[in-house]
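Pasting the structures here.
In the two complexes that follow, chain A is the common piece, with chain B as its partner first and chain C second.
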Partner chain A sequence: MTKREAFWYTVIILLLVITVLIALMVGATPLTLSQVWQAFSGHDSNNLATLSQIRLPRIVASLISGAMLAVAGALSQAAFHNYLADPSILGVTNVGSFLILIASFFLPSLYFGKLVFALIGGILTLLFLTSRSILQHSYKLIIIGVTISLTFSGFQQLFSGESLVSTNSFNGITWSDTITVFIIRLIGLAAAILLSPWANYLKMSNQQLETRGISARLIRICLLGLVVWLSSGVTAAVGVVPFIGIIVPNIVRFLVGRDYQTIVPLSMLMGAWLLLVADTIGRTVILPGEMPVATILTVVGGPFLIWLLWRQQFNAIK
Partner chain B sequence: MDLTSVAKLKHVVTQMGHQYQRQAQAKRAIRQINAAEKRARQRAKDQPTKVKVLVLMGLPGASYMAGTNHSYIGNLVVLAGGKNVFMSKNQEYIQPNDEAIKKARPDVILRLEHALPEMVTAQFNQAFKTDPMWKTLPAVKNHRVYDLQEPDFDATANMRAAVALQKISRWLYPHTGGNNQ
Partner chain C sequence: MQLNNVSFSYHQQAEIIHDVSADVTPGHILSIVGPNGAGKTTLSKLMTGELKPSRGAVMLDGEPLSQLTRKQRADQIAIVSQQNQLYDDMKVIDVVKMGRLAKHGLLAAIDDQEVAPYLAMTGLQSFANRPMSQLSGGQKQRVWIAAAIAQDPQYLFLDEPTTYLDIRYQTELMAIIEKLHRQQQMTIVMILHDINQAFRMSDDIWLIKAGKLVSTGQPNQFYDERSLSEIFNTAIRIVSIPDYGKYIVELPDGAN
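Up next is the complex of A and B:
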């Protein structure tokens, strides 16, 4: 680990700890740090219920979701050789979300049904996007991806039959949701760290890899499989959460360079932090109401994306 | 057509009665609504405290929103003499926060299930069963959670407004003249 990497690891871990503490304190009933401590040491059962049944599952869920989305973004960018290739931009999550809605007409409130349909949606989208004619041009990939994403979010509004757009949120998430959805996903995150050296291989050309006896195709399939696994888990639980997978890996790349063995774990930590910050802001700024985390991330992520495009001449990873 | 309150419904009915030469029918419909409003007022009049009401609107495939005093059901709650726990200056529906619901401690919960009722009711039942926050509320403890479905209830006012108001009035204040539960 270089000094620079160690520095950024320390900064992000510190930020995470501070943000978790703040997230425990703020809400409809604000608590001081000592009240939080008292509740956890068993002196205040009412506050303990708020903390352990409402705030804590939500904090854990947003941390893990943020980590999953950031890693999915980083791996997808490695596999597509394109620093804009994020599952939410490419439509992977929107197709999944639409299929979940359709499935829920037939199988209401089945979690595993949701997960299966989010996975199917993601896989179909990626199969389509990895077809040769699309992969050749990096802008084509992004434009088609964005179009798929918009088309399916349109379909979703059409089928939900409401003028009100249904918004997804971490509100009401329980421990059982958190555990069933995310514990399985932790395996995915672990796999991502183990596979991160593979992401580095893809910087070489296919011929170079072949001479070393490595199949670029196999690596790509494995990485994209992980991308779908991670992003569909979040979609099934809380819906489409955009932009994390674009903002975080690009900032991390800027901070520590291009080695995926650092990008992946650091993106994990920073994604967790960013989504927790966004969700904590969302649940406190307009009490008793909430601002969906997707709205906050769009407001922040949109301009970031524009800046990214404006700054760079083309979007292939060098 | 703006049908987000009973007053606006009456306005629209009067206008249409005028437009299509059905003034007598329009007047009759409005008399019915006025009578229902009066009965609801009387029912609520002698209550020592206003009941706190949470209005939820289920969204198919997603979660739920809270209806404020600007939504149609929220307006019925006002006319029935209840206190909506989610007030707003201009929005009809807001995305509610669990902690805020817990803090508000509603006595009655009205769940609007107008769009795809089968699916939305299942969603609500699932959420009420798995999320422990709901069990802490007086409304759930005292079994005062009501499902609002078509044809009597909808997201906007319809010609069954008088029936809808009467039902809500009875749910809010089941015992007239005495203490409410």
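Up next is the complex of A and C:
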């Protein structure tokens, strides 16, 4: 680990700890740090209930979801050779979300059904986007991806009769939701760290990999499989959360360089932090109401995306 | 490595390589020489297994190359092709490590020590942690050669390794290739644009024209103005330069 990497790991872990503490303190019943401490040490059962039953599961869910989205973004960018190729931009999550909605009309009470339909939607979208004619042109990939994304969020609004952003939120998330998310997703995150060298391998052309005895296809399928697994995991649990997968890996690249063995774990931490910040802001700015995290991220992520496009740095091919 | 009546065409179109039969002598440096469009790169891709012959077969240790797996081929054959761009920046040492994947497989973690000898052989020790984007053309080419020899192959294929390099880097690179050949007993197959370079470096020469293997032999057999003029379809003279030896020059149009 270089000094620079160590520095940024430290900074982001510190930010994470501070933000978790703040997220525990703020809300409809604001608590001081010592009240939080007293509650957890067993002196205040009232506050403990608030913290452990309402705030903590929500914090944990935000952290894991943020980590998953950021990692999905990083891996997807490696597989597509394109810094803008985030599942939320490419429509992967929107198609999944739409299928979940459709499925809810026919099979209402299916918990794992949500995950299954999000996965199917994601896989179908990626199969379409990895067709050769699209893969070869980086502009085409992004334009078609964004179009798919908009089209399906439009469909979703049409069928659900309400605006997309208001349907997804971490509001009311409970431990039982979080635990299920937790177990399944942690496997995906662990796999992402394990396979992060593969993202580096894809910097070589298929031909170059072939002559080194490696199947580029196999690597790409595994990484994109992981991308769908991670991003649809979040879609199934809380709906479409846009832009994390674009903002975080690109900032991380700027901070520590192009090695995916650092980009993946650091994106994980920074994604967790960013989503927690966004969600904490969302649930406190307009009390007693709540602003969906998707809205906040769109407000921040939109301009960021425009800035990236303006600088034309989305295409890793040089 | 043996080529038995190898022919090749893309999708039933006209043949690009016609009926080539020849042996590659182990431990030699072989250069494939011929005019542009003669099929040099196609022939070398047939020999590395990147292309499959439409007729005939390339045999490696008595087995058809086309029946070996990707991994088995990578174990024996390393390639430095003309196109070596990366989609994203990497450190020199990481590029070289990828050569070792041919020996270890996808899940291996390769440590720095293991690739140190290959960096040393190509004079890249002090560049190990530099990003590729900061290197010059000659340095980059050395990295690709280091990555290829990291595969520890029996056969090393180099397609126009000196193109785009200025004369100093060309000499430097050729010295590295010669050193590798001496130290590792590697069989080296090169396509060289510069015919004088090819003749000076090689133990064997294959002359090809219009997809046919015109003749094979040692370089000194080919210092013949008439046959070279015929193959390259231009007037060629051979001159003697003190401290260098025979040098092939192309005469300007109409000169005699």
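Note that the second predicted complex is superposed on the first by the 307 of 318 C-alpha atoms of A that agree within 3 Å, B and C clash if a C-alpha of one lies under 4 Å from a C-alpha of the other, contacts with A are read in each partner's own complex, and residues count from 1 in each chain.
Everything below uses one rule, namely that contacts are C-beta pairs under 8 Å (C-beta built on N, C-alpha and C of every residue); 3 or more make two chains touch, one makes a residue touch a chain.
Quick caveat: nothing in here was measured; it's all calculated off a predicted structure.
Peer 1: Should chain B and chain C be called a clash or a fit once both complexes are overlaid on chain A?
Peer 2: After superposition on chain A, chain B vs chain C: fit, no clash.
Peer 1: Applying the document's definition of touching, compare chain B and chain C: which contacts more of chain A?
Peer 2: Of chain B and chain C, more residues of chain A lie in contact with B.
Peer 1: With the two structures laid over each other on chain A, which partner does A:287 touch: chain B (first), chain C (second), both, or neither?
Peer 2: First partner only.
Peer 1: After the superposition on chain A, what angle is formed at the C-alpha centre of chain A by the C-alpha centres of chain B and chain C, rounded to the nearest 10 degrees?
Peer 2: Approximately 160 degrees at the chain A centre.
Peer 1: Name the contact category of A:48: first (chain B only), second (chain C only), both, or neither.
Peer 2: After superposition on chain A, A:48 lies in contact with neither partner.
Peer 1: Is A:219 contacted by the first partner chain B, the second partner chain C, both or neither?
Peer 2: second
Peer 1: Would you sort A:16 into first (chain B), second (chain C), both or neither based on which partner it touches?
Peer 2: A:16 sits against neither chain B nor chain C.
Peer 1: Quick one: classify A:193 as touching chain B (first), chain C (second), both or neither.
Peer 2: Neither partner.
Peer 1: Tell me which partner A:203 touches in the superposition: chain B (first), chain C (second), both or neither.
Peer 2: second
Peer 1: Counting only touches as set out at the top, which of chain B and chain C does A:211 meet: first, second, both, neither?
Peer 2: A:211: touches chain C, not chain B.
Peer 1: When the two complexes are placed on top of each other via chain A, what is the minimal CA separation of chain B and chain C in Å?
Peer 2: Distance of closest C-alpha approach: 40 Å.
Peer 1: Which chain A residues are contacted by chain C in one complex and by chain B in the other?
Peer 2: Shared contact residues on chain A (touching chain B in one complex, chain C in the other): none at all.
Peer 1: If you look only at chain C, which of its residues touch chain A in the complex?
Peer 2: Result: residues 48, 50, 70-75, 77-79, 81, 83-91, 94, 98-99, 101-102, 105-106, 109, 131, 133, 151 of chain C touch chain A.
Peer 1: Using the touch definition from the top, list the residues of chain B that touch chain A in their complex.
Peer 2: Counting only chain B, the residues touching chain A are 59-63, 65-66, 85-86, 88, 91, 93-104, 115-116, 118-119, 122-123, 126-127, 130-133, 136.
Peer 1: Spell out the residues on chain A that touch chain C in their complex, using ranges where they run on.
Peer 2: The touching residues are 78, 81, 197-198, 200-205, 207-208, 210-215, 218-219, 257-259, 316-318.
Peer 1: Show which residues of chain A lie in contact with chain B when the two form their complex.
Peer 2: These residues of chain A touch chain B: 27-29, 49-50, 53-55, 100-101, 104-105, 108-109, 160-162, 164, 166-169, 171-172, 174, 176-177, 239, 283, 286-292.
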